[in-house]
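Pasting the structures here.
Okay, so subunit A shows up in both of these, paired with subunit B first and subunit C after.
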Partner chain A sequence: MSDGIQRETTVVAKTVTRIVVPLILVTAIALLLQGHNLPGGGFIAGVLTATAFALTYIIYGLDYIQTELLDRGVDVPDGVPTALARESGTVFGIGLAIAAGGGIAAMVLGYPFLTQAVAFLEHLPVYHELEVASAFVFDLGVYFVVVGGLLTILSVVGAE
Partner chain B sequence: MTTVATEVPGFLDLAIQFGLIVASGVTLLVGYRVIQGPTTPDRVVALDTIGTNVVAIAVLFALATGRGLFVTVSLVLAIIGFISTIAVARYVTEGDIIE
Partner chain C sequence: MSLSHVVIAPMLVALVTAIVTLLTRSRPTLQGGLSLLGVVGYAVAVAVLVGDVLSETVLTYQLSNWAAPFGITLVADALSAFMLVLAAVVSLAALAFSVIYVNSYGQRVSYHPLFHFMLVGVTGSFLTGDIFNLFVWFEVMLMPSYVFVVFYSGKAHTSAALKYTVLNLIGSAVMLVAIGGLYSTTGTLNMADMTRRLLAAEEYGIDPAPVLGLAALLFAVFALKAGIVPFQFWVPEAYSAAPAPITAVLAGVTKKVGVYAIIRLYFTVFAAATLPEGLGLPGLSGTSFLAFFGPVMFLMALGSIFLGGFGAVSRPDLDGVFAYSSIGQVGFIVLPLAVGATVPAVRSLAIVAALVYSLNHAIAKSLLFLVSGTVDDAVGAITFDDIGGLTGEMPVLSAGFFVGSLALIGIPPLTGFFGKLLVFQVASDATIAGGNGATLALAAALAGAILTIAYLSRAWKEGFWGETTGAVEGATATPGLVAVVVGLATLLVVVGVGFDPVYQVANAAADAALARTDYVRAVGLEVSS
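Presenting the complex of A and B:
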């Protein structure tokens, strides 16, 4: 839509993308939250989130995302990673720090590396009983590592 | 998570078995088009049909066994199949997926 010279994305594809991307993200977050005792977890949630972003890259194009949504310039010289690629790499690093920090926190408390625990919160207003598992921190780290890694690959390979 | 009724009536059980057999047979038939298909779009459509059939098989299997985890499997497979269809359609029409 921004340049309109060579891109011919139909209105149908754009509208479907706007409806489907929030649904994919909600599914991904549900899989992330149930991951410690049901099928799901950080990896598949990260893959689904990356596919949601891939859908917007495919339909709207990398240039549109960078100029209209992130308010960045498009013109970067060859060999220099774009803003999208650099920020995806930052997400990758944050995820690695969360996952490793979750393991080291157990060592600080005197247990072996990556020791996990679970706590049950009872008498809550809506949920009545909520299970808080420390494995969720590691899942969250895996989630950010997968999202960052896949989005870096997509933005670098897609820009070529 | 999802709880599916564990006791299914007799006719529903029969229908699920029939549906599983039909979906599996169609998947095998489409496999012929994947191998033999003269052009690339033929193979793409055939692979997409296989993906849709696997979603159907997963849902029917969840109904037959009463295990809700296969509903999650089918949901994720359907999402990824949808996105791969769009990516392949762009590749066939424009020759470039992400611009």
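Presenting the complex of A and C:
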């Protein structure tokens, strides 16, 4: 996209993207937070987040993501993985580490691998009662794995 | 039930190594070191697990602390332990080989994480006590293998990978359908629970006939993974396309997961069921499920031995010979199982034979694929037209090939001798016990053994003896690669000379596979008698 024919995207598309992307991200986070006992979870939240990136990518282009979001230079397409691909791979790995680490933490506490627990914080201002579930850690791991995985696919396939 | 993390340790070591190597991609030296350290840690974890299993028989582990049959159970008995040892030995050799063999760019492209993810899948398959979880581990194991088949990204590799992937995806879909069907007919996914229910089918209201059909469908999937005729066609291309150390793992370990699944599910779980009366199929006598699978396995084994044998005789390169040989050798593994399924008197011995043969094939065949990789690395070719006279230029490597071939043929005192011996013993004992077709099994094993001699001596004559070709002239094998080959060759001799402990473990594994009620009780379920 960085060379050859470059078509400008319309102002309408750019404006809609600017409005929609934050909405997608907020929905994604909401789904991630409620995932362990309501519809939602790390997977679907990750997919939504990846669509937000995909939309930015399609409308503004890879160079925009690399320079504005990742603060990297523009890559010359020479077969080497782009900065986006490398970063996504790391996100993927971190996600796996979080999910597996959450499972191993249970072992440290003397329970089988992946054992989950839940605690209720009561008498909080505004919230009154807040449910803290350890399953969220696993969900968070899944979230990063999905975001990292999908963005890797997006950047590698997109670069071809 | 005391909590012992030993059961899950091998899987976790592989998983953590996979994650750590993924995160250290930008530092290749560190990544390679951690990867090696991880596989050594894996071997240690397996050794500890084996020690515990042999002193305490069956160990179980309830993932997430959910009790069986609702949660996922991991079960480590002697059978799982035997297969894990096999996996640890081959992966250790293959990874040590990879660090030298695969170029630095290749290693940076996620080679190490994928290798360890494959190991996670293999370990999970050997340990799981849940049939759906088995499906998941199969997928975990297969996904990295898809990438490895297409690793070199050439035209041939892409074509092989496409076929391999599509075929295995179809296999997975069929597997999922069969497992779903089993769930709806038996009402459970836990293997121990399924065994218990099948033992008292009427009490649980299970009709055994659909269970038999679904088990047969599932059998086709395992046969596909194990590369047994008529599901062998993906083997040669995929084995030629993958990097040599990965082919060693595919032939040595991944195939054995199919064999393991057949032993575990058909001899432990489904053998618990009985049909109300014979189904009246030709050649089917008796009411045991195994009486149905016996003849089926027998035909598949015969097909594999001959197709693999004749195929290997005419291949133009080393990898082709070894790939077809793999098909034939899996036939030798399934043959005693078929005889054991048909003749209950030799069933235990049959499983011992299949396990010992698997062990020998895993070590010997991965050795041979690593030899092929070393030759490719040094000469740049593995076709018999281009290589010749390797004994002159690479005597040590040739000696490694020689030992591996002899082990595959079955010459004492190598491990292969005992594998062949046990296969013949199963067939002859079954003949004495008056088993149908046991004489035929004996004849087939004999003919297959002769074919093995034929194709391996051809490979020796064409590749290692004869005129030194221009490509081979002056080529030297990388010492590190030769060292791995020599290590495996030494192991073949050591295991053969000190065979007794191996036999004891294989015996314990066979007993564990047939000790149905012990298996169910170990998982914490009651058996109604």
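Definition applied: the second predicted complex is superposed on the first by the 149 of 160 C-alpha atoms of A that agree within 3 Å, B and C clash if a C-alpha of one lies under 4 Å from a C-alpha of the other, contacts with A are read in each partner's own complex, and residues count from 1 in each chain.
The rule is short, and it goes like this: contacts are C-beta pairs under 8 Å (C-beta built on N, C-alpha and C of every residue); 3 or more make two chains touch, one makes a residue touch a chain.
What you are looking at is a predicted structure, and each value in this text was computed from that prediction instead of being measured.
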>> Given the alignment on subunit A, is it a clash or a fit between subunit B and subunit C?
In response: fit
>> Please compute the subunit B to subunit A to subunit C angle from C-alpha centroids in the superposed arrangement, rounded to the nearest 10 degrees.
In response: 100
>> With both complexes superposed on chain A, which partner does A:Val20 reach: first (subunit B), second (subunit C), both or neither?
In response: first
> Touching A:Gly40, do we find subunit B (first), subunit C (second), both, or neither?
Replying inline: first
> In the superposed arrangement, does A:Ile65 touch subunit B (first), subunit C (second), both or neither?
Replying inline: neither
> Does subunit C touch more residues of subunit A than subunit B does, or is it the other way round?
Replying inline: B
> Looking at the overlay, what does A:Ala83 touch: subunit B (first), subunit C (second), both, or neither?
Replying inline: neither
> Of the two partner chains, subunit B (first) and subunit C (second), which one does A:Val137 touch, if any: first, second, both, or neither?
Replying inline: neither
>> Let me test your reading of the model: by the given contact rule, A:Leu31 touches which partner, first (subunit B), second (subunit C), both or neither?
In response: first
>> Under the stated touch criterion, which partner chain does A:Ala97 make contact with: subunit B (first), subunit C (second), both, or neither?
In response: second
>> Nearest approach of subunit B to subunit C by C-alpha atoms in the superposition, in Å, rounded to an integer.
In response: 24
> Across the two complexes, what residues of subunit A are contacted by subunit B and by subunit C?
Replying inline: none
>> Quick check on the complex: what are the subunit A residues that touch subunit B?
In response: 6-8, 13, 20, 24, 27, 31, 34, 38-40, 44, 48, 51, 54-55, 57-59, 61-63, 154, 157-158
> Where on subunit C does subunit A make contact in their complex?
Replying inline: 3, 5, 8, 12, 15-16, 18-19, 22-23, 25-26, 61-65, 110, 113
> Considering the complex alone, what residue numbers of subunit B touch subunit A?
Replying inline: 1, 69, 72-73, 75-76, 79-80, 82-83, 86-87, 90, 94, 97-99
>> Applying the document's contact rule, which stretches of subunit A touch subunit C when the two form their complex?
In response: 86, 89-90, 92-94, 96-97, 100, 104, 107, 110-116
